[in-house]
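A, B, C and D label the chains in the order they appear, each numbered from 1.
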Amino acid sequence: MRKLDLREDWGNYLKEATDEELAEAALLLHSFKRKRNGDYSTFVGALFGMERDFDEENGTLTLTVQNSTLLNNSIGILHGGLTATILDSTMGTLANNSLPDDKAVVTTEMKVNFLKPGIGDAFRCVANIIHKGSKIIVVEGKVFSENHKLIAHSTGSFFIINRKR
Amino acid sequence: MRKLDLREDWGNYLKEATDEELAEAALLLHSFKRKRNGDYSTFVGALFGMERDFDEENGTLTLTVQNSTLLNNSIGILHGGLTATILDSTMGTLANNSLPDDKAVVTTEMKVNFLKPGIGDAFRCVANIIHKGSKIIVVEGKVFSENHKLIAHSTGSFFIINRKR
Amino acid sequence: MRKLDLREDWGNYLKEATDEELAEAALLLHSFKRKRNGDYSTFVGALFGMERDFDEENGTLTLTVQNSTLLNNSIGILHGGLTATILDSTMGTLANNSLPDDKAVVTTEMKVNFLKPGIGDAFRCVANIIHKGSKIIVVEGKVFSENHKLIAHSTGSFFIINRKR
Amino acid sequence: MRKLDLREDWGNYLKEATDEELAEAALLLHSFKRKRNGDYSTFVGALFGMERDFDEENGTLTLTVQNSTLLNNSIGILHGGLTATILDSTMGTLANNSLPDDKAVVTTEMKVNFLKPGIGDAFRCVANIIHKGSKIIVVEGKVFSENHKLIAHSTGSFFIINRKR
């Protein structure tokens, strides 16, 4: 049975796990459970433990993510591509939020400037709309480390489409 | 015991898992094992099942990655940020490969143009060097879907640093 | 009379002109005449002495421009913004060429990587289409100096609009 | 005689000039004179009639430029490449200003998002430093039309070099 085999395999893997491996396996299980519970619609969102906070007054969206060894590149800092993932998620969510229910956005381009190594227990990404056109929304995003250091800056273009039903 | 608890927790999670959840848990376990075996130095590399192929004659690096539901965004296609992750990995690896052992690179900026939805069982990313300066290497990357459609294009700047020992 | 005053003013300016100033005034007059003759639709095109060559087989557009002290920045090399101007002109013209007569494009974004100082008597810019979508055309542009050195690389997004009559 | 010939040529050109051509020739002469007087170090600066205003408290640089038919593209709005020229000038000047006298910067990359058509009598470009590293300064620039509408947004990387004596 596949299910039984997989349980045994996971069991065997965990039996010999180092502390780091245990922490990673625990984090992933936690992510899977939260996805199953409907807390997150994607594995990426669950893995990052993304929490959103929309500031209606300023029109900014803040997304907080938890760091882990799973997000590291080969020199032990936040993978640049994952920094881009956090930025894309935050900027795209803000662009979507600014539209009526029958519209959505797709990212057409984004540039990221990497400013400082991404280290620490958590990151905070803040997005704001630079320009809302009738076809394209241009958004700015900034990623901060826990000590409020700016580690990455991005601008992206989000094309408005009709949401599929 | 933490280890025992975690094994039990994973067991319980798998007991009630859907087919998609089983596939995801199997893929993750496979990734963890390959990381433990030293096949990959990062979880991201293992999760993507990255395979590298350097073409010395043309100076291009091709990185093949396996798709899975873990890499999807909320509308079921490859997450834009993960597309950027594949590009950053391929372009950065090529830039590193072009340097002597005591040098390495850090990404200073990258722009990605998203051209088509990322769908299919696997993706292929091809990187080539646009310009190799004494301080900065500029690299181009292209991501193709299985049917050879170009789904994303990127250029990035990689700053040369002394490798830490 | 305004016309008479201006002729006198130009006359006085030229009387005391250095060799560089004479060359610049001659180049500008030449540009103005070519614009009056209809060789160019814009002053920028005339000032650069832009010549276009479309390679139908490869789908590339090559634009050749003449250098002059008028195009220099404060350290005597091609102004980075003017490099961007050459790129935008070439890439935008190619995107326009690829469309039927009732369509045109506007640039929505472009990134330029500056690779080498722009020096020499002339520059050559080559553009090719990376992706032609139904809404956006993504184009690559490269600027070469006379000795075939790549001095700048760009990618840009061109949004398709209905041409105004 | 070359000088005499050129004066005669300019005279002949102006004799038959339209109002727009007269305005352009007057503007160019004015630019040349200001460059001769030392008001500007480059023709581009003189042509745009660039005026700088550094706000020490906020660390922002504002550059005001005068519009003219000389700066138009073929559909009668500010040429996208010249928008990039204004941005590069403002951002680069701010980066230079932030350094000691023996250092200068060169632009390594810039991305521009074009948001609205550039129309009106003048434009205002405001630059601020996003991150000042030891090797690279990342700067943001915004171009506004006279009615305070944001028409373009840019971020650029400026590499620090030793100033040549």
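Basically, contacts are C-beta pairs under 8 Å (C-beta built on N, C-alpha and C of every residue); 3 or more make two chains touch, one makes a residue touch a chain.
Computed from a predicted structure; not experimentally measured.
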item: Chain C and chain B - chains in contact with each; value: A, D
item: Pair sharing more residue contacts (C-beta pairs) when A-B is set against B-D; value: A-B
item: Computed distance of Cα centres, chain D from chain B, in Å; value: 41
item: Chain centre separation in whole Å, for chain B relative to chain A (CA means); value: 16
item: Set of chain D residues in contact with two or more other chains; value: 108-109, 111, 113, 157
item: Chain B residues within the chain A interface of the complex; value: 2-3, 6-7, 9-11, 13-15, 17, 21-22, 24-26, 28-29, 32-33, 36, 41-44, 69-75, 79-82, 84-89, 92, 104, 106-114, 164
item: Complex contacts: residues of chain D adjacent to chain A; value: 111, 113, 115-116, 130-131, 133, 138, 140, 150, 153, 155, 157
item: Interface residues, chain A side, partner chain C - complex; value: 108-109, 111, 135-136, 157, 159
